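Chains: A, B and C, in written order; residue numbering restarts at 1 for each.
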Amino acid sequence: MPGQRRIDELAAATGGRVIGDPSMLINGIASIEDAGEGDITFVSDKRHMKLIGSCRASALILSETEAPPKDGSQGFTLLLVKNPMLAAARILELFSPVEPPPPGIHPRAEVHPDAKLGAQVSIGALTIVEKGASIGERTVLMPGVYVGSRAEIGADSIIYSGVVIRERCKIGARAIIHCNAVIGSDGFGFTPDGSRSYKIPQNGIVRIEDDVEIGACTTIDRATIGETVIGSGTKIDNLVQIAHNVRIGAGSIIVAQVGIAGSATIGERVVIGGQSGINGHIKIGTGAQIGTRTGVIKSLDSGDAHLGFPSMPRGDWLRSQSIFAKLPELKKRLRELEERVKSIEGAKDN
Amino acid sequence: MPGQRRIDELAAATGGRVIGDPSMLINGIASIEDAGEGDITFVSDKRHMKLIGSCRASALILSETEAPPKDGSQGFTLLLVKNPMLAAARILELFSPVEPPPPGIHPRAEVHPDAKLGAQVSIGALTIVEKGASIGERTVLMPGVYVGSRAEIGADSIIYSGVVIRERCKIGARAIIHCNAVIGSDGFGFTPDGSRSYKIPQNGIVRIEDDVEIGACTTIDRATIGETVIGSGTKIDNLVQIAHNVRIGAGSIIVAQVGIAGSATIGERVVIGGQSGINGHIKIGTGAQIGTRTGVIKSLDSGDAHLGFPSMPRGDWLRSQSIFAKLPELKKRLRELEERVKSIEGAKDN
Amino acid sequence: MPGQRRIDELAAATGGRVIGDPSMLINGIASIEDAGEGDITFVSDKRHMKLIGSCRASALILSETEAPPKDGSQGFTLLLVKNPMLAAARILELFSPVEPPPPGIHPRAEVHPDAKLGAQVSIGALTIVEKGASIGERTVLMPGVYVGSRAEIGADSIIYSGVVIRERCKIGARAIIHCNAVIGSDGFGFTPDGSRSYKIPQNGIVRIEDDVEIGACTTIDRATIGETVIGSGTKIDNLVQIAHNVRIGAGSIIVAQVGIAGSATIGERVVIGGQSGINGHIKIGTGAQIGTRTGVIKSLDSGDAHLGFPSMPRGDWLRSQSIFAKLPELKKRLRELEERVKSIEGAKDN
């Protein structure tokens, strides 16, 4: 069967060891529910451990520090590893069905003669690379990408179809930018001119450091002056809005549909849950954890965990929110108490 | 006048009957406010019934079970039907100004020789169909679409400009996908690797069943393993985010800017109001009604109606919310009561 | 140095006057923090006035009505103007690095012979202009734009890459439409047909008046019948959803990720904060101010300022919200009061 791998190959790739037949042939990696004979599977969430009993996989990735599951583990060949999710990620790579496009420039790509192309770049059909742009070695521009004049993309990146990178923006190495994302659109800046909104030119750029991933239809606006910056290793999901002059530190995680307003500064390793918003001109400290659907209107310190709108420390918000759900009861208790006090007052007056 | 239709033609198309002259010529269908002489109109919302008096249309679609409006109906030729909105939809079809592009492959489309094209497909300029992709009969790919390798699109679909359908994704028959939507972008999956976020490859696909409509700039991520599924007849509005491994049942309605997190399961005929969010890994039962701007963090049963964040049964949230609006008053009553109790306690001590 | 300008040129362009050497050469305009020798800077926010002391700029834009800063102003050449932000905007224009593409039609643009092109239009590579479309004088269509049949764009507009303007939509003069925005996608309209959702054809259009700016990945749906209208001078940020038959008045500001549901009417000079939502079929009066993350479910009068969901007058919401944050304390006070009343009641009974 094409694509089969011996389980000891998987062990070598993941730094793990096999308990069982090292020559077992693995067809693929599948979820606990969907895995069939010949598959290897993994437990991404401990709550799924109970599904192991009915799982039809042939092999199981397990943490070397955890006991094998009580029921059914005898039936599995085991791959013991330090970090099961990381091992699963590496095995997913081995079984990836992705066929990267071969290096070369499609005859119907539109590459300006003054663009600088690194070795072994791959540029798809109907992709446009404007004057003075530079594309790093081995970088793939899928079909239908637009790279503006003097924009720079580092090595080993992949830019998917429909992405627009406007002029002069800089993107680091190993970037992954998903379909229809926009890098370097104008910031939303106007100033009143007596009768109307006068456009403030957005002369700056977006600078994206190395190892950043950006989701589909996410928009990152260029700075008014200077740079909008996305720090190295930061991962941004789909449909996120990042306004002009925002600076995001390294290693942060921004979940889908978040909006970050102009000139906000986000620290390193900050996590922002989906559909949350960050006000402009505030600072979010290193490692802050912002929950889902949260609206942060004031600066946060390092390590703060916030929820709600306006955001509050996580525990405070949960406490207030649990009382919110019981406001009708609280109101009733207050009314009863008013009656009782009135009755006491009445008695006293007699 | 080109495009005119006799009202008995409209009756035939809608299964209705005419009260008045069956040979009346109708120029078009218009809203109550905008209709002029020669137009037919309809009442989409009973609150608009009061506008009938000043309406200048020549004909009016009415439910056969409702009495004609008291004032003014004498002036109208009536088209009595079972379902006025459905009749209006069919008459809108008859008067549609849309000119579907003729079948054929534009000389500047970029169709791989190994793609499979059904009879009478229409493929626009600068549209790309990659190796091994298949396009069903009579399907229209407007100009500027991208269909990845081995992707499949069923018959009688229309894919609008700027849509990207990534490799191996499957789309059913009679699909309508609006401009700049993205089908099959990578799911947002990372696992900590000591110092950084390690990308979990997204090897799965998106599978969209028949009769699905997907809005502009909506993003549907491919599964990590297996499939992200959109059930038949489900309608999705603009700027919606659907994460990896989400499964949506048949006949659901997802309004604009909703976000559904990874591995959530949405039942059949669920309605999700605009700007709402659904947490990952939860289940929403058949026919649940989720309000606008609602954040659902726990699984819902069939038929549940929820609002708020974290979401609550609709009535509960409305009650709590109405008290929220009066919290200053509640607080004042509490303070007064404290004073009164203090005064009682003082009197008692004397 | 190329691009240098004498400060008296800047004064002429902004209607200001120089205090200091009128022949001073200015290299560029920069923020207070980033400005270096030879730069001119400005104070966009009074809170930044304290940074003036350590600023290394050579020149400073100041309001002619404000006193120069106490510390450090001696070191600057001053440009005194009526409106410093407006002056900064004009100086940003002078130093803009943007090189507008020259007029002309790229040989690989796809312009239908029946399209009407004004004088000096610029049409980029792989841009499509369909049959019967018209493009006004000096308008720029960047590479990779799609203009549908019979769509109209006024003079002096710029349409960025990836924008799709569907058939018959009308766009005024001096429009700026950012990358991957969609104008004229179908409205989200369905009517139950016994078993399923029947599509209501969206026969109308979008009409955008003059001087409108529309953000990246923003979607504006065409009307079911008639027009979705964006009034002149209105500015719309990224990732905004505007549903069918919405009408927005002149001079409004719609911040990122807002959603406006079908048939809502927004007055003139309304401001809607980021991530807010407006229900369908309601009216927002002239000059209303809607905060960030606000959900408006009822019509608002002119000048109303609202916050929250469901939205409330700004001050009311802030008061309720401040008590929400203290609900645990309120609950505790209620419990204590209950104890005290119980104790009084007990004493009385003895």
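Throughout what follows, a contact is a pair of C-beta atoms (placed from the backbone, for glycine too) under 8 Å apart; a residue touches a chain by one contact, two chains touch by 3 or more.
Everything quoted here is computed from the prediction, not taken from an experiment.
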Subunit B against subunit A, contact positions shared by both copies (same if over half, else different): different
Magnitude of the superposing rotation for subunit B and subunit C (Cα, nearest 5°): 120
Subunit A-subunit B separation of Cα centroids, rounded to whole Å: 26
Multi-chain contact residues (two or more partners), subunit B: 126, 144, 162, 180, 217, 239, 257, 275, 324, 330, 334, 337, 341, 344
Contact footprint of subunit A on subunit B as seen in their complex: 110, 126, 128, 130, 144, 146, 148-149, 162, 164, 166-168, 180, 182, 185-186, 188, 190-193, 196-201, 203, 217, 219, 221, 224-226, 239, 241, 243, 257, 259, 261, 275, 277, 279, 281, 295, 297, 309-310, 312, 316, 319-320, 323-324, 330, 333-334, 337, 340-341, 344, 347
Residues on subunit C engaged by subunit A in the complex (per definition of touch): 29-31, 34, 45, 83, 85-86, 88-89, 92-93, 95-99, 108, 124-126, 143-144, 160-162, 176, 178-180, 211, 213, 215-217, 233, 235, 237-239, 251, 253, 255-257, 274-275, 292-293, 321, 324-328, 330-331, 334, 337-338, 341, 344-345, 348
